[in-house]
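Read from first to last, the chains carry the letters A, B, C and D; within each, the first residue is number 1.
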Amino acid sequence: MEKFRIREATVVYLEKPDLKEPILIEGLPGVGNVGKLAAEHLIDEIKAKKFAEIYSTDFPPQVFVNADGTIKLVKNELYYWKGEKDLIILTGDYQGMSSKGQYMLAEAVLDIAEEFGTKMIYTLGGYGTGLEIEKPRVIGAATDKELVEELKKYGVVFKGEEGGGIIGASGLLLGLGKLRNMRGACLMGETSGYIVDPNSAREVIKVLTEMLGIKISFARLDEKAEEVKRITSRIRSLEKALMEKESKEDLRYIG
Amino acid sequence: MEKFRIREATVVYLEKPDLKEPILIEGLPGVGNVGKLAAEHLIDEIKAKKFAEIYSTDFPPQVFVNADGTIKLVKNELYYWKGEKDLIILTGDYQGMSSKGQYMLAEAVLDIAEEFGTKMIYTLGGYGTGLEIEKPRVIGAATDKELVEELKKYGVVFKGEEGGGIIGASGLLLGLGKLRNMRGACLMGETSGYIVDPNSAREVIKVLTEMLGIKISFARLDEKAEEVKRITSRIRSLEKALMEKESKEDLRYIG
Amino acid sequence: MEKFRIREATVVYLEKPDLKEPILIEGLPGVGNVGKLAAEHLIDEIKAKKFAEIYSTDFPPQVFVNADGTIKLVKNELYYWKGEKDLIILTGDYQGMSSKGQYMLAEAVLDIAEEFGTKMIYTLGGYGTGLEIEKPRVIGAATDKELVEELKKYGVVFKGEEGGGIIGASGLLLGLGKLRNMRGACLMGETSGYIVDPNSAREVIKVLTEMLGIKISFARLDEKAEEVKRITSRIRSLEKALMEKESKEDLRYIG
Amino acid sequence: MEKFRIREATVVYLEKPDLKEPILIEGLPGVGNVGKLAAEHLIDEIKAKKFAEIYSTDFPPQVFVNADGTIKLVKNELYYWKGEKDLIILTGDYQGMSSKGQYMLAEAVLDIAEEFGTKMIYTLGGYGTGLEIEKPRVIGAATDKELVEELKKYGVVFKGEEGGGIIGASGLLLGLGKLRNMRGACLMGETSGYIVDPNSAREVIKVLTEMLGIKISFARLDEKAEEVKRITSRIRSLEKALMEKESKEDLRYIG
């Protein structure tokens, strides 16, 4: 075994699966944590198997402490799934913290994907609106016009001139992938950007699994969405109560 | 084809044109976006052809989304034009974000120019005044005194002791180029620095094309300048209206 | 002798001791300076001998001036001690200032430890509570469950889900060490985080020496703890006096 | 000639002088600009000759514009002087902007000095007091006790425990030089730290030239000190006048 040496992107293989042109799917932390929630849900539902870990000098110099008191170094993880279409799924604790780290990590992931013969990439993320969204839409971007048209059939919305930019791994994997002749699309669930948003993640993963022809349950994301709803509504009642109390006290001063 | 690998400066050639001692012209984003506006106008008017793209780990980790929903990785671009004097024109989405990146990118551009036999460089930019300028002058700086004298004949102004410094690609290409025995000048259009300034860009490109003996139309820059004027004047009337409304309301409280 | 060249981690050996599977102990500056105080106390008490210095471009570009007017470049230091169980102890002036530096320095230390055959690591630090702690507990984390259970026997507390993360050398040495098949534990003394805390350091070093079967005096740490107590209580009386004076003056204005 | 390539420290030789164990003297920008003023004064007075320039990706990406409109890339410069004791003098526009750059630049300078056989280094700087100093003392630090004693004979003051640290090139050249078995001392002129301080620089250069047995005039530094005094006193009278005017206006409102 090669000696472990941490660099901007150090890949540690747990196994080398035999995959056929696997589709690469990325869901890392970001706006509303939508991408990560979506990727983790997919991994759980299809029971994808971890085959590689990526460590980086561009992640925070940090370990997490598990509930049982054991530690784990911050990392990204790659899972695979063999089905009608094979999949590689990227998720993890952090994105790279510097511009250079982001590029080097994206390149390392593409190197792995290329080795397995990947020709297609889906990156998942949140699309911050600053407003609470009851029914989040899925906003898209893609490497080519044919794919844009294809995505529209699945209800993905394209925003034309307002489209703006995609920052981080979800953008870079597509941009750098295109330079390696990989096709790809970014699916972004609308989200306020203020809270972790399983509601938005569900819409993203719905579109993705429909496109991939994979049938999964969304029950767990529904539950998480319900819990977030309960928590935010509880916070809101507390805020309201506090404000009413304060305004009464204000009156006392005046009256 | 060599495998794409992104580094501090990765050049991707679309073609390798046959050029004779091309003059290098730089116009990247900066104060008032003057340099970029000027370079893009020149490219459009003389129909210069793109022959290379430069990607960098020192650009933001970002893709832009085009109006049609397709993405493009942020980059710099090199165009060429064959004429009485051949030209290479550098423009792009960003300048390097770190000091090191700036130096490495400038060096990469000079490597390309040197390969084509470049002996002369013009860098274009804005000269921030903090004041609105009706008739922007073109401020200059050059690698040698002969060139300073030459530029004065075209109305370029030299500010003597107040001259100060030139930060970014416009300065570095001249400074690093001089160490490779390239001559060069920086042409900076006066601009408030608060808005994108096509008015200033026109004055810069006028001097440049006159020096190069190239005849182009300035109509599109004139149009852009008119539009900026319309928008700023509209903003000003709105501000005035708002202030008047506010002062009336103040009176109501008093009266 | 190889020429001195400073890089992210440059090790200068003063001697190469003959050690048998030495246990690596780390105590670098951090929350309450607990780790550093603990490591220095151990070094002093067991009379460990310095055998290597580590310099780094990721430490501040700085020398300290000693009381006698001589200078010393900022560095980390490695000490050894030969006993029932051999020890290597890491302490120093600073931790790396960037994420990358932190990783590279941890890796350099692990390289040294690995060369000597290290299989076990203890990292020492403070656990910031934001509150003054009369009787600080020792909070733990470890690379494996067996070690967690072992530590519990020595009174080390594990916080389950609240555990959170460990940032810096104390975390990285364990996380990166685990990837080299080294076992390890982090011992963190509770501390307010507002002052240098010898009281907390004593609790940490007590657990450590008990586990290692080493008997040392804690008198010097007790003295330091007493001194810190005296100083903080003096500051508090001054603050109280000042507040009383101010409130009297306030009354004068009113009365 | 080797092709110019800018890196963290790129040395361009103008000539390779024949020097015998030259003493290295450093005076770069810093507190009160004392070190730079002192080094430049020495260069001017003894007519030292420039033999090398150092460029760096860690300097700002900037050119300066000279009074005649020509540009110069920011850099450090090395001068030499052949006398009873040969000298190499380092001055320049900037110090490195990052920790790593500082270390790499100091190492590059020491490489050059080592090649010429340097065994002794003097670094010059300011010692910020936060207070205006009528008669600035020269504060010292050195690589060994013998040198500390030697310096005391020339009136250099050592501050014992308060000594603190020396940040930047003045510290690093001594600290890294010591690791190469070079001896050295830092001479720091007391200065408020708020203004460029030729008065402090004169005291530093006086001690240095006395130690080196070099006789120079201090007239130009005296003149500069006079000018700084005139300017600061003029500013002070203006401030006083302004305050008086303001307090009269205040009275008008009241009266």
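Quick note on the criterion: a residue touches a chain if its C-beta (ideal position, glycine included) is under 8 Å from a C-beta of that chain, and two chains touch if they have at least 3 such contacts.
Keep in mind it's a predicted model, so treat the numbers as computed, not measured.
**Q** How many steps does it take, at the fewest, to get from subunit B to subunit C if each step moves to a chain that touches the one before?
**A** 2
**Q** If every step must land on a chain the current one touches, say how few steps get you from subunit A to subunit C.
**A** Contact-graph shortest path, subunit A to subunit C, evaluates to 1.
**Q** Shared numbers divided by all numbers used: is that above or below half for subunit C and subunit D, i.e. same or different?
**A** At the contact between subunit C and subunit D, which are copies of one sequence, the residues are largely different (under half shared).
**Q** If I superpose the C-alpha trace of subunit B onto subunit D, what rotation angle comes out, expressed in steps of 5 degrees from 0 to 180?
**A** 90
**Q** Just curious, how far off is subunit B from subunit A if you go by their C-alpha centres, in Å?
**A** Subunit A and subunit B have C-alpha centres separated by 37 Å.
**Q** If you average the CA atoms of subunit A and of subunit D, how many Å lie between those two points?
**A** 52
**Q** Mark out which residues of subunit C touch at least two other chains, giving numbers and ranges.
**A** Answer for subunit C, listing residues that touch two or more other chains: there are none.
**Q** Which pairs of chains touch each other?
**A** A-B, A-C, B-D, C-D
**Q** Could you pull out which subunit A residues touch subunit B in their complex?
**A** Residue list for subunit A touching subunit B: 96, 99-100, 102-104, 106-107, 140-145, 148, 151, 158-161, 163-169, 171-172, 174-176, 178-180, 186.
**Q** Spell out the part of subunit D that touches subunit B in their complex, as residue ranges.
**A** Those in contact with subunit B are residues 4-6, 8, 12, 55, 57-74, 97.
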